[in-house]
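Here's the structure, in structure tokens; my notes come after.
Here the chain labels run A, B, C and D in written order, and each chain numbers its own residues starting at 1.
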Amino acid sequence: MAGNTLFSRLVEAAGPVWHSYTRHEFVRRLADGSLPEAAFRHYLIQDYLFLLHFSRAWGLAIYKSDTLAEMHRAQNLVAATLDVEIGLHIDYCRGWGIDTGVMESAPEALETIAYTRFVLDRGLAGDRLDLEVALAPCVVGYAEIAAERMADPATKRDDNPYRDWLDMYAGAEYQSLARDAAVALDELFERRGGEGRVPALAALFTTATRLEADFWQMGLQAAR
Amino acid sequence: MAGNTLFSRLVEAAGPVWHSYTRHEFVRRLADGSLPEAAFRHYLIQDYLFLLHFSRAWGLAIYKSDTLAEMHRAQNLVAATLDVEIGLHIDYCRGWGIDTGVMESAPEALETIAYTRFVLDRGLAGDRLDLEVALAPCVVGYAEIAAERMADPATKRDDNPYRDWLDMYAGAEYQSLARDAAVALDELFERRGGEGRVPALAALFTTATRLEADFWQMGLQAAR
Amino acid sequence: MAGNTLFSRLVEAAGPVWHSYTRHEFVRRLADGSLPEAAFRHYLIQDYLFLLHFSRAWGLAIYKSDTLAEMHRAQNLVAATLDVEIGLHIDYCRGWGIDTGVMESAPEALETIAYTRFVLDRGLAGDRLDLEVALAPCVVGYAEIAAERMADPATKRDDNPYRDWLDMYAGAEYQSLARDAAVALDELFERRGGEGRVPALAALFTTATRLEADFWQMGLQAAR
Amino acid sequence: MAGNTLFSRLVEAAGPVWHSYTRHEFVRRLADGSLPEAAFRHYLIQDYLFLLHFSRAWGLAIYKSDTLAEMHRAQNLVAATLDVEIGLHIDYCRGWGIDTGVMESAPEALETIAYTRFVLDRGLAGDRLDLEVALAPCVVGYAEIAAERMADPATKRDDNPYRDWLDMYAGAEYQSLARDAAVALDELFERRGGEGRVPALAALFTTATRLEADFWQMGLQAAR
């Protein structure tokens, strides 16, 4: 990301919190293949529950749209989640021996509730810019995480059970979706922003990032 | 509709307000071909603006979903509106010499604001059942209106400039969408309802129906 | 208002729509005493219904608060409406022979629905700045209307049945509340605004002003 | 609570989760005076942050009101929180050497975010009944917790640094507020409920209760 996009300013304002998320032990061990399977399994189940609320957030963005173009973008993200990502997730989990019934009946972890409801509350109490800033650590962050790990020599490319996960988020399709999301932040900021909003947006982004780091931590803890 | 669906109970509770909407002069003259073109044109433009808020309402329903199935249904209705209906509307309006720029820059009429924002407020202040009940006079009502007019010998089938409109809403696809919406009301009522809610739901439905009648009236008035 | 407050910029952007509201025939005839009583009575009843939704809007502002100070301000406006204004309104209406039962059971006029739900939708789809901008034609506008009429030689001060109304809104207490509301807009704009938001805020303010003018018009029409 | 109130049905449906909250180690040690001060201090700071969102929830309830009576009740609960409880909390914390600045600048714990935003999301996605059910483990539960502990011979009444806390919630004023809240649940259920809603309301109540238990646990953990 170029140095003066809104996203890059938010990352800078988050300081060490950003890397505590994007370079979290969970991610590094996923990349080098040493992540306990129980940790990954727990993450997968909670991520399924996360995606349901993520879809709700983009549904909310449709409601919060001022133009047809904004509506179409939010609609595409609902579809990308409900029609593609949840489907892939279900297939992927099946490969790990987790069937849909298990995911649907799993209780939501504290960390899943905290991040998803925090996002939805920011989206409802604030405006669409608040909503998309709260979602950005997830949408844009996952692309950065996967790309960074794929560029890291410590990453185990062969015989790594988590390789598919890295490929999905490092792949051209997801990288492009994340770039579009960062561009959309700048467009929203132009129409709805102003320097006066930056401190509050930065605080919001930092909290959302911290909650994403807690989500990785939850995965690790499940394996202890 | 069978006599004991929620929809039929709401129609019954609305009393004469229901037919003041479904058999409004606008609709009867549309069917017999005597509706002034200016009235129809004004209606078409406002209906375009209406559809944008209608899409927002189904986006809100995605947010308000408790299950994947509920999300998919709301998502399908967003798509039916944004991908199909608005597109058809734009094409159709072009046939009437109204281009998209005209529709996008037209000020929203009082009647358009009143009905659309009433629906959205009910959806936000209440729950998904309130939201869908507020939308029902539109979603289910249009199917009843078109079917009733097509069955009426007074309807002019040939050389009626409004015939396409009747065909669209009397057609199998829309009739099926409307039936599904009525069924969804019953399912929602089972999960979220109870007899105690009926008076408030009936009042809500009657107000929404009255606002739909005002919408027709707005069309007629434009031609005066 | 000084020339460079957000409120004054919004008024300027509204152009002739602003005076079509603040100098509406309803207001001028209220001031010169020639307003038909039926018009005023209809207005009073609808204004009661309006105040209920106005309280809901300030309740929403409590939800949308980021700080204790913001919460207290919204709470004070809920109290000013629910504890003071609605009470005064009920007393005042009694003086006009309208009892609470009549007001509570009166159907909401199209114009009442349109303005109140428009405000609530802007407040929910947007942020607190959108909400307060949508409320400003009412909160700040009423103070300007009453002050302007009281300064007008054409205003009938004696034997004017509507004198109390003018006194209430021209009085020090309401004028101060309105000034605070205008100051709050500037504070909100500093924290949540930016030049990029001005066109959308101006469009929002203009529509809200138009809906307020329609509200006066509704009163006049009731007397015809 | 009588055996067939909605509240008692929800408690029953929550099964062991209810006592895992109301008889949590934190509460029992608070009552016998053995709770580490660090645990209580952490709890107090997070409870301050909690109360801000609790006020927002009752502000939302004003927005979600259908009648003046409903609005007044929600307004009273906003006032009870903002004007009384937060004030008492600030005084009380000062007695523990925690000043307002510390509370305001403390980062929200994961557990605080999870419970408060869960409540707000249920309130927005659902209706006022969902909102009040999500708040009930807190509003009604605290009264039960304090009353039960005060009736327990193991509770240390003298020289217990936490005695004031127990007195506040066991006191007549709070007990009455909690009883009113339970009664309000039954009234809401009559107007907006039905047996079909019970399973979803029970699941919601159980999750909210679990999140309250996590809140106590957070306090304990802070002392480790």
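Following the convention adopted for this analysis, contacts are C-beta pairs under 8 Å (C-beta built on N, C-alpha and C of every residue); 3 or more make two chains touch, one makes a residue touch a chain.
All values derive from a computational prediction rather than experimental measurement.
A.B. asks: From chain A, count the fewest steps through touching chains until chain C is reached.
C.D. replies: The distance in steps between these two chains is 1.
A.B. asks: Determine whether chain A and chain B, two copies of the same sequence, contact each other through the same residue numbers or different ones, counting it as same when over half of the numbers at the interface appear on both sides.
C.D. replies: same
A.B. asks: Specify the chain most distant from chain D by Cα centroid.
C.D. replies: Farthest chain from chain D, going by C-alpha centroids: B.
A.B. asks: Using mean C-alpha positions as chain centres, tell me how far chain A is from chain D in Å, no decimals.
C.D. replies: Going by mean C-alpha positions, chain A sits 31 Å from chain D.
A.B. asks: I'd like the Å distance between the centres of chain A and chain B, where a centre is the mean of that chain's Cα atoms.
C.D. replies: Inter-chain centre distance comes to 37 Å.
A.B. asks: Centre to centre, by mean C-alpha position, how many angstrom separate chain B and chain D?
C.D. replies: It comes to 43 Å between the two C-alpha centres.
A.B. asks: On chain C, where are the residues touching two or more other chains?
C.D. replies: Answer for chain C, listing residues that touch two or more other chains: 56, 63, 120, 124-125.
A.B. asks: Touching residues of chain C toward chain B in the complex: what are they?
C.D. replies: Going by the criterion above, the answer is residues 56, 107-108, 110-111, 113-114, 117-118, 120-121, 124-125, 207, 210-211, 214.
A.B. asks: For a test of understanding, state which residues of chain C touch chain A in their complex under the given definition.
C.D. replies: Counting only chain C, the residues touching chain A are 63-64, 66, 124-127, 130, 189-197, 200.
A.B. asks: Show which residues of chain C lie in contact with chain D when the two form their complex.
C.D. replies: It comes out as residues 52, 55-63, 65, 68, 71-72, 74-75, 78-79, 82, 86, 120.
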